[in-house]
Amino acid sequence: MKDVQREKDTRNIPLKNVGIRNLKWPVKLMEKGGGYQQTVATIAMSVDLPHDIRGTHMSRFVEAINEMKSINPKDLDKMLTELRTRLDASVSHCTIEFDYFITKPAPVTGIESPYNVKCCFEAEKGENGEFKFLMEIRVPVSTLCPCSKEISDFGAHNQRAIVHIKVDIKKLVWIEDIVKIAEDSASSPIYSLLKRADEKWVTEQAYLKPRFVEDVVREAAIVLEENSNIRWYSVMVDSIESIHNHDAFAYTEKGCTL
Amino acid sequence: MKDVQREKDTRNIPLKNVGIRNLKWPVKLMEKGGGYQQTVATIAMSVDLPHDIRGTHMSRFVEAINEMKSINPKDLDKMLTELRTRLDASVSHCTIEFDYFITKPAPVTGIESPYNVKCCFEAEKGENGEFKFLMEIRVPVSTLCPCSKEISDFGAHNQRAIVHIKVDIKKLVWIEDIVKIAEDSASSPIYSLLKRADEKWVTEQAYLKPRFVEDVVREAAIVLEENSNIRWYSVMVDSIESIHNHDAFAYTEKGCTL
Amino acid sequence: MKDVQREKDTRNIPLKNVGIRNLKWPVKLMEKGGGYQQTVATIAMSVDLPHDIRGTHMSRFVEAINEMKSINPKDLDKMLTELRTRLDASVSHCTIEFDYFITKPAPVTGIESPYNVKCCFEAEKGENGEFKFLMEIRVPVSTLCPCSKEISDFGAHNQRAIVHIKVDIKKLVWIEDIVKIAEDSASSPIYSLLKRADEKWVTEQAYLKPRFVEDVVREAAIVLEENSNIRWYSVMVDSIESIHNHDAFAYTEKGCTL
Amino acid sequence: MKDVQREKDTRNIPLKNVGIRNLKWPVKLMEKGGGYQQTVATIAMSVDLPHDIRGTHMSRFVEAINEMKSINPKDLDKMLTELRTRLDASVSHCTIEFDYFITKPAPVTGIESPYNVKCCFEAEKGENGEFKFLMEIRVPVSTLCPCSKEISDFGAHNQRAIVHIKVDIKKLVWIEDIVKIAEDSASSPIYSLLKRADEKWVTEQAYLKPRFVEDVVREAAIVLEENSNIRWYSVMVDSIESIHNHDAFAYTEKGCTL
């Protein structure tokens, strides 16, 4: 059968990315405590395409992911390196987005339950053989408004917020470690399972530790800045405001100067 | 050209609904204060199909909606009546979902700003000529947890929640009236634009009026029950819990007995 | 600490459902071929609430799901039965929605790859002790338009479509069996990984087997009707039309008469 | 009342963006044919925040958008310029995402109907007073696979695809002009309302003009490259593959060299 994709192309337009998106796939990841966690990912994979070739062979992306045993920087590097060869490309990329579950004890009763954080791994194998790996973790937390607390005679509005931390790492940093940084920066962590004594603790803890989205970003940035395993980071906090029908957010990244 | 849809079907399976979905369309609605509001709807339309006909003519749904000048019960009845004839069907339906904007003053400063509620109209023209019209309004509000307030030495967790009120009406009931019922049932209304004096009011108001999702449903049900223009109603409240990564909800409907 | 939820309620409004929603949770399911599949679910759980009690104890839902080892009708019955007792309710419900992966060989080359179907289990333990279990499977397929094929000199528009089959079962029916029924009813199954010989097969197969959404519903209904393990079923097909920016759909259910 | 946001901050972390997101708002836009179109937008707005100030005043974003009469580059420049002053910031941004409706005649019968394209405007007022304005239009089209057509004895798989064109403009370019470029690059435009003669035309047109996602990107890039009002562009095409449960995509941008 004719290979239409390999036809010569004379339009002289190189393509930065050609690939697949929204591929749902079962994946396995190492946990900090040892052992593996099985979860479900949404995957995108692509390569570049020179100006004189008509198309890429899309099925080879699925073949490549089909051969991966677990998702980690080392195996992604290997897979993307092979992908460049299989598809005759100079750069290969993938992004892998998934729910990851962390089990933690309730703050007073200590009852354990899992809760989910969203993760997104972005990996690229470049022309010069360089491998880039970025990891974004989105952690649900609680924020309590310092202004509302200050100006009100009682109470203070609070809400669920999501802390997005993205890191470029020099050495292995666990998802669990990033989650801890996010939770410590907010007014309070949140939990799947809280008994009354726990609910009292979370309520009072948040009231004692009011945080604007600006504060959460700064508190996280200070800790990320000091971690020698992290080459670059960004922090975004999105707060599902309880007094508005829109969100408040703040963002910064390493090296931002103002 | 051959009319494939009109072929005889011998499989003997009648279809309850055949139609189109996810049609985005510009629509116009009357406002309570007079005048019209232009917004964007997502529309589904369908008819039934007898066991012996192969298919319906999908383009006629779009023709029918294309002729509507504004969205209201009377014109929907007329459109659905014609649709039954055009498509040789005994029952015709449509659902129309859209953002509707309401302008209200901030509670202390009185500064006006619009905010959106989600609406869903469901209309059906039945075999016997009966016209049914259901209207669902989803209103963002704030809820403050009575348990958290009671057991904590200070503060109380609160969050954005969505009140879904669905009504089957005998006489015209305005979207604005349903929104008022939803807001009055919650710990506090929410706003697009609040200055500090307003934020203080909303914070204190919510603290003084703690509401479980169960409470909000009951408060709304009491008012809906008393409205003689409402034949049937349901109320669902979904609360984006600020201490959990999941929601709490409660639901009831007219006639529920336990 | 005071139990605010257990307060007497004098508003006299019973609630049909009180519970939690959008809880992400790791779950395990039996596969037809033996063994278990680990995936990620979105869970809702609720009970009813009598008119004279203020609220339910939300944390007990999470405790109940936390104790489940795997998701299947028998264990759901047991969990919902206990939930009624724990929460002093007469009816308990849950819905569990998840991606389930099925590995199948490409039609010509036989290369195996997994692909995802969406599943939703709905279970209810009723007042009289009756247990209801409904299973909905949403299967991506390809549909090719019979009208377009008939009236055009060459080609025919086709597209991805989703077949939603919901069943009330008397005896165990596997997810894999429902998927087979959905795929056989469409113009062609779809795959994660196709080589050129497979793509030729899928293209020609779809062209030889044109199907309106109405046809897919009827073909599936015929097979479901004959299955003695199925007490009731519904079929909905939603087609992401390639010539429109909206979808076409058809729906029927057991017992529909027109 | 105390202005908590204006407190001195000693953490020494400047923030690149502080603002609001997911604000739904009614907006008005000029149409190419004259007159205005009313639609619904989702808006984000932000400013930067120096290292020594604790927070920004979020309500001023809503005040600023509340004063805009219509959405266009000139008025956005003015609004963002004022926002920098109101919030004492050096950079201000906004993104405005909305459905825009275009009415076009069916290809044979000429029957007119509206259909929606998604638009996203991104505007920034920079430190040096520079105003940047980017416009992204997402246009639904149909793509028919050249490989499937070549290797199959009859038929060819096709599907709905979305062409995303983003432009940085020197002079006014209408949404309608970008839509035309996207549609001309694909196998066929798509429509809300097609009668049988039109469906025959669209089917045959697509079969005569097969396009990979790579082809669509290149065809659009050629035209965008030649337009002297466009300073920079990117093109992304996402195809909802009818033979897979995932999408195929391709991307390029002005200046890409390979």
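As written, the chain order gives the labels A, B, C and D, with residue 1 at the start of each chain.
As a convention for this text, contacts are C-beta pairs under 8 Å (C-beta built on N, C-alpha and C of every residue); 3 or more make two chains touch, one makes a residue touch a chain.
Not measured: the values here are computed from a predicted model.
Enquirer: Which neighbours do chain A and chain B have in common?
Expert: Touches both chain A and chain B: C, D.
Enquirer: Same or different, please, for the chain C to chain D contact, judged on whether over half of the interface numbers appear on both copies.
Expert: same
Enquirer: Can you name the chain that lies farthest from chain C, using the mean of each chain's Cα atoms as its centre?
Expert: Centroid comparison gives D as the farthest chain from chain C.
Enquirer: State the pair with the higher C-beta contact count; candidates are A-C and A-D.
Expert: Spelling it out, more C-beta pairs touch across A-D than across the other pair.
Enquirer: Using mean CA coordinates as chain centres, what's the gap between chain A and chain D in Å?
Expert: A distance of 25 Å separates the two centres.
Enquirer: Express in whole angstrom the distance between the two chain centres, defined as the mean CA positions of chain C and chain D.
Expert: A distance of 35 Å separates the two centres.
Enquirer: State, to the nearest whole Å, the distance from the C-alpha centre of chain A to the C-alpha centre of chain C.
Expert: 29
Enquirer: On chain D, where are the residues touching two or more other chains?
Expert: As it turns out, chain D has residues touching two or more other chains at 1, 23-24, 115-116, 147, 151, 192, 194, 196, 200, 244-246.
Enquirer: If every chain is a node and every touching pair an edge, decide which shape results: line, ring, star, complete or other.
Expert: Drawn as a graph, the chains make a fully connected set, so complete.
Enquirer: Help me check something: in the complex, which residues belonging to chain C touch chain D?
Expert: 115-116, 140, 142, 144, 147-148, 151-160, 188, 190-192, 194, 196, 199-200, 202-204, 206-207, 240-246
Enquirer: Considering only the defined contacts, which chain B positions touch chain C in the complex?
Expert: Result: residues 1-2, 4-5, 9, 11, 13-24, 44, 46, 48-51, 54-56, 58, 90, 146-147, 150-151, 212-215, 217-219, 221-222, 238, 244-253, 256-258 of chain B touch chain C.
Enquirer: What residues of chain A sit close enough to touch chain C in their complex?
Expert: These residues of chain A touch chain C: 1, 3, 23-26, 37-40, 59, 62-63, 66, 99, 101, 113-116, 192-197, 200.
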